[in-house]
Amino acid sequence: MNVGDIINFLNEIAPWRYAEEWDSVGLMVGSRESYVTKILLCMDVTSDVISEAAQCGAQMILSHHPFIFSKLKSIDMETFKGEQIANLIKNNISVVSAHTNLDTAPGGVNDTLAESLHLTNSRNLKPYMPKGLECDLGMGKVGELQNSKSFDEFVIDVKKSLCIENLRIIGVKPKKVKKVAVFCGSFDDDLESLKSLKVDVLVTGDIKYHIALDAAQMGLCIVDAGHFATERIILPKLRDTLNKRFKELDIICSKMETDPFTFA
Amino acid sequence: MNVGDIINFLNEIAPWRYAEEWDSVGLMVGSRESYVTKILLCMDVTSDVISEAAQCGAQMILSHHPFIFSKLKSIDMETFKGEQIANLIKNNISVVSAHTNLDTAPGGVNDTLAESLHLTNSRNLKPYMPKGLECDLGMGKVGELQNSKSFDEFVIDVKKSLCIENLRIIGVKPKKVKKVAVFCGSFDDDLESLKSLKVDVLVTGDIKYHIALDAAQMGLCIVDAGHFATERIILPKLRDTLNKRFKELDIICSKMETDPFTFA
Amino acid sequence: MNVGDIINFLNEIAPWRYAEEWDSVGLMVGSRESYVTKILLCMDVTSDVISEAAQCGAQMILSHHPFIFSKLKSIDMETFKGEQIANLIKNNISVVSAHTNLDTAPGGVNDTLAESLHLTNSRNLKPYMPKGLECDLGMGKVGELQNSKSFDEFVIDVKKSLCIENLRIIGVKPKKVKKVAVFCGSFDDDLESLKSLKVDVLVTGDIKYHIALDAAQMGLCIVDAGHFATERIILPKLRDTLNKRFKELDIICSKMETDPFTFA
Amino acid sequence: MNVGDIINFLNEIAPWRYAEEWDSVGLMVGSRESYVTKILLCMDVTSDVISEAAQCGAQMILSHHPFIFSKLKSIDMETFKGEQIANLIKNNISVVSAHTNLDTAPGGVNDTLAESLHLTNSRNLKPYMPKGLECDLGMGKVGELQNSKSFDEFVIDVKKSLCIENLRIIGVKPKKVKKVAVFCGSFDDDLESLKSLKVDVLVTGDIKYHIALDAAQMGLCIVDAGHFATERIILPKLRDTLNKRFKELDIICSKMETDPFTFA
Amino acid sequence: MNVGDIINFLNEIAPWRYAEEWDSVGLMVGSRESYVTKILLCMDVTSDVISEAAQCGAQMILSHHPFIFSKLKSIDMETFKGEQIANLIKNNISVVSAHTNLDTAPGGVNDTLAESLHLTNSRNLKPYMPKGLECDLGMGKVGELQNSKSFDEFVIDVKKSLCIENLRIIGVKPKKVKKVAVFCGSFDDDLESLKSLKVDVLVTGDIKYHIALDAAQMGLCIVDAGHFATERIILPKLRDTLNKRFKELDIICSKMETDPFTFA
Amino acid sequence: MNVGDIINFLNEIAPWRYAEEWDSVGLMVGSRESYVTKILLCMDVTSDVISEAAQCGAQMILSHHPFIFSKLKSIDMETFKGEQIANLIKNNISVVSAHTNLDTAPGGVNDTLAESLHLTNSRNLKPYMPKGLECDLGMGKVGELQNSKSFDEFVIDVKKSLCIENLRIIGVKPKKVKKVAVFCGSFDDDLESLKSLKVDVLVTGDIKYHIALDAAQMGLCIVDAGHFATERIILPKLRDTLNKRFKELDIICSKMETDPFTFA
């Protein structure tokens, strides 16, 4: 098994060409020819995660967020990115990132977020058509809870499903929650599309102030459960999918990474 | 007294030409010729704020955030912005907004935020030079606490000073807090400049996930006290300044507006 | 009947998506929900036209030229546009504009101009294909007079047909006029296309000096009958079309508006 | 005397670097080394003007409007421009054009237009600062009539001064005319600047419909005396200036060119 | 026979619409109506070539490289281009250029280069699809020698086939040459595509230093036989093709032009 | 001594801010904190040069051409650039590049090229003003030979001075060579500036066909001595300058690199 085999399999479940034009996906550091027995899955390739990979003997890190997003004009080891690259190379660790292709793929991050919240009849919040492709992808999902519940109950469920203790609420709380939209990571700010769907609540992360204010003015309700929590639910699922295909591989989710935000 | 007189006085304390090129400031709706006896101050011109102004008989609203930011291609009363404009016009209420010119002016929002946190020796976090102007303005401030304190004590003080119950913390908490940076509203994401200042903590709002992550990787500590709380402290000060100059005017801060985010 | 019903009917006879990309059409001010019993038709929403609508009790103005063309960054009542908006809102008058979609639609302004000049066998001067649409629209028309006539006779007929007393002539007058091109409002300056059609004369408006000079050099003849006169002929026709569909509505053409140019 | 000497002298009275960035001025066709005894002055280098030059033995044409404005990708003699170039080259005639440098220079077209209308105390309508230059140029002029007169009298004077029989009037006619703005050729559409000057009337040319309408809405009055007539007044003056400097040269104004617009 | 007939025939063998968007092809100077009995073929329309055409009585020059590539803002006879245009016009010589349309057309420059080197089974190096066209064109060619030969033998053959005495070699010389790529004129720098073809050598011209260095790093071998030599082989072929179609025409290849580079 | 000390010294002799805006200079890979005892100088950081550095124990490579010019979106070890980066990092070798700052600095590449050809009275071919700087830099140099010589003698001298066996000549050979321009690396194609200097010959490298042709048409003579040869003369000089300042350092010029072009 080598890095290239994993990259090819990822192309089957979340084709690289599904990624947005501005995105950066695929092999970030290393070689398709590197032999792999152990893979570490993570949201972000932090210095802690690299140490974890080195210590546990993983030859490959598979991250959701791109390790190299802004192109590099130098590899300066006095910067954290340069130091991380040097550590990866010296430890012979390859890095692969699967980002918006994984967000939008069937069974990807948005689908998994909808499942985590027990939505039924999940369909695309809005269609997403990568340039030059004919495919039925979507950004965000919309679905229904089996039984409607009170907003307070819903908030408790979200916390439990996403393993978080705190979240932020925007707008007017609905009396009952039945129809729910989800948008993993960071909502794309298209409040008009959201409004036309007449959902009771949107669960997403990373909402900025001015969007929050407009949403409230438009009578919408948003639960900001955090960028980290609304996406990290993909990791166990990805681990299982990879394990099913590559039975001989040892695949683990990072134990070192946490949400960079804590509440006080 | 008319709206034009207030606009002219604001130009003395926070010149309109100090505003950033992308910003929208000054008269938003109404007429410089309108006679004014009562002004309502607010962060944002929401529907609630407009009702409040109409009910209390204010002929003018002075907001921090621009009432019209994206230019209008129509005034459609089925949208909240169109309905608000109609309500303002039918109630003969003028709207003036003072935004980045007020953020950066001496005695403006950043200065007031530094004062609220009892910083001494406050100076510019980074210089700000509006196009074609020679002036000594700055975005953000840096200063020192009179006595260093523990991070937990500092967090309690921030909450008290900004009248908030919750905030978010990013990165590694310092042992002691002495040197503090502030950046009202939303930090401009320039982590390199911040790092070079070697502050113990930055107090700001509206931090996005990827910036939070980079800040943590760079060993920085940020307190995200919210866009609303880090800016609303300007309103009482602005009320007093206007009252000193226009003694006959009745000037009040909105009692209807609140932070669109609540924590749960 | 409400404003939205009229907008929907206009979409049937001159679909909004036919408008050019740079154009601004549809609801300009007001609400689709407003109840309508009387509509005032006009070329341009001037202050006189607004007074006329208010006095005659029209709840809606339907103009050919867009009331809001340059997007608005403020509604300043010391400007004529701001004052007009305020007057419209205070009088509960909605404004809808149908511009390039009406120019190019079958039975629209260009077709009506060709009819007014008694052209037969009228076809598109050049094809017009709104982005992403498959349709057989055209800018300008070309047709033939039933019988050829002298240029002087033709000029007299144009004046009579368009109810004008003066016009401007460019280039070499042809001996006989048989094949005629028309281009309502303002010719698009594509002299090459015009030349290839070998028409005897083009009737249009708003010709600039340098285009006039080039046309003369190329041996073309143009009658500039004015922007106003070559378009206003649509109003009576539009009134009749609307009346046929909405029998209960009172629809009138403005009596207050005139061509802004007078000759001396 | 050769073409280069004339070009150098024009640089003294209307420096080439004063031309707008989008403009095209200077030598258009021919050679600085060509010997010159006779020069033909004109507004535009038409085919008639070229014949006139060839017949009268002029080795050089000096035009106001640029002979080559759009850059050439070929010299195709089936087009009028290609045929004109061939005729110029075969007749050894050089062409030089002095456009916006001559409009704005002291004693240039705008100044001459102001003089023609007997304005006193003529100053810049608005300042014009060619990129990278420090100089006191202006687009348009503003001045006063010695004695105020009725609008009808003023119109008669304009016709007489500019040798025209027809003109177009826009907006509300003032009762008395005293303060007058002029803008040679084609007004630059900056109605705001014009309004702030509080002139009784603007004399210019080439006004488009939408500008006419806005001007009327703003309460302004414009006399559109034509692009040709408001600029051609420079030719006799230019002839005299050149003759004073180059006494041995034969300099004539074209007798073949006329305004491409005629009124009917 | 006139220039237009030749232009039309060229459109059959190398359609003008095949040219790249940045290119300039077709009639450069003169008239489609000019009568032609003699045509001079050349790579570039130099002053020597124009004299040659004038002396031998050719009414038309057909060049490979565009005579007018940068659009002209003037025809200044003190520049070599202006002087050449004047000479062409005074001698009634038309110029037509067939560039990238001829490079990529079947039987065009690339095909002829492949034939000159005796390549068999010649196919496109990479597909080329002019905007909006469906056609099977290619930039460059790839083929095989009938029998593999040593690199030194191959170099001797290239010199002989292209009639050159010197060339430049880049990268590691292969032991045997069998599979060969050709790219007439100047290689387009797409080393990745070239590498994926696994050819033994590329024959092209006009290689810059940094491309040479990258090619060497990538283990490729390039023979730079010069822009002139890799394209001039089209002239005799074009002469024969034109002669077959226009039997009455006298068609000659320039005897005055040579490669601007000489080796020392 | 560490890498940062060398970078600082280079900033004294060829300030980094002198580099062109499009250029990439300074630290490319590694750390300013790395300790250095041995430096390898080269034109280009090729795989051979990296091996040479590793074998001879150099901790730093100082190259003229930027090691990272196009920004990196990944470090893929199946590409030569990715493999080189990995080799550098694994061998703890830092790379620093001094490019256009060194070309234009006093005593830099252009000055050294002029000296190598024994030019006297060397001055700037054209002024070069890095954005926002006031300094007297130049691209290229112009000077005189002490005694004029025949062109053939001059060519022999150039070969000897630059240690090359072959070069290419463009245009008409002058009878005598006295005034000479030099432009290291690759001439910037500004033939107009060159012509105005009236030099007998320009010595440069990397001339493309169309520039060669234009130069010949303009009567200029160019000796293309190659990009490599016209720049590599800086290495021994740079070695001596560094050795004078850092006496304890071992500094060597690469013995492995050669011009990627060979002549046959």
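All chains are identified by letter, namely A, B, C, D, E and F, in their written order; residue positions are counted from 1 within each chain.
One rule holds in what follows: contacts are C-beta pairs under 8 Å (C-beta built on N, C-alpha and C of every residue); 3 or more make two chains touch, one makes a residue touch a chain.
What you see is a predicted model; the values in this text were computed from it and never measured.
Each step here moves to a touching chain, and the least such steps from chain B to chain F number 2.
Matching CA atoms, the turn from chain A to chain F amounts to 180°, rounded to the nearest 5.
Looking at which positions face the partner, chain D and chain E present mostly the same ones, since more than half of the interface numbers are shared. Each chain gets a centre from the mean of its Cα atoms; for chain A and chain E, those two points are 53 Å apart. Each chain gets one centre point, the mean of its Cα atoms, and the points for chain B and chain E are 65 Å apart. Residue numbers of chain D whose C-beta contacts span two or more other chains: none are found. If the chains shown are joined wherever they touch, the resulting network closes on itself as one ring, and no chain has more or fewer than two partners.
In the complex of the two chains, the chain E residues touching chain D come out as 24, 26-33, 68, 71-78, 82, 85-86, 89-90. Considering their complex, residues 44, 46-47, 65, 80, 155, 166-171, 185-186, 205-210, 212-213, 215-218, 224, 226-228, 260-264 of chain F touch chain E.
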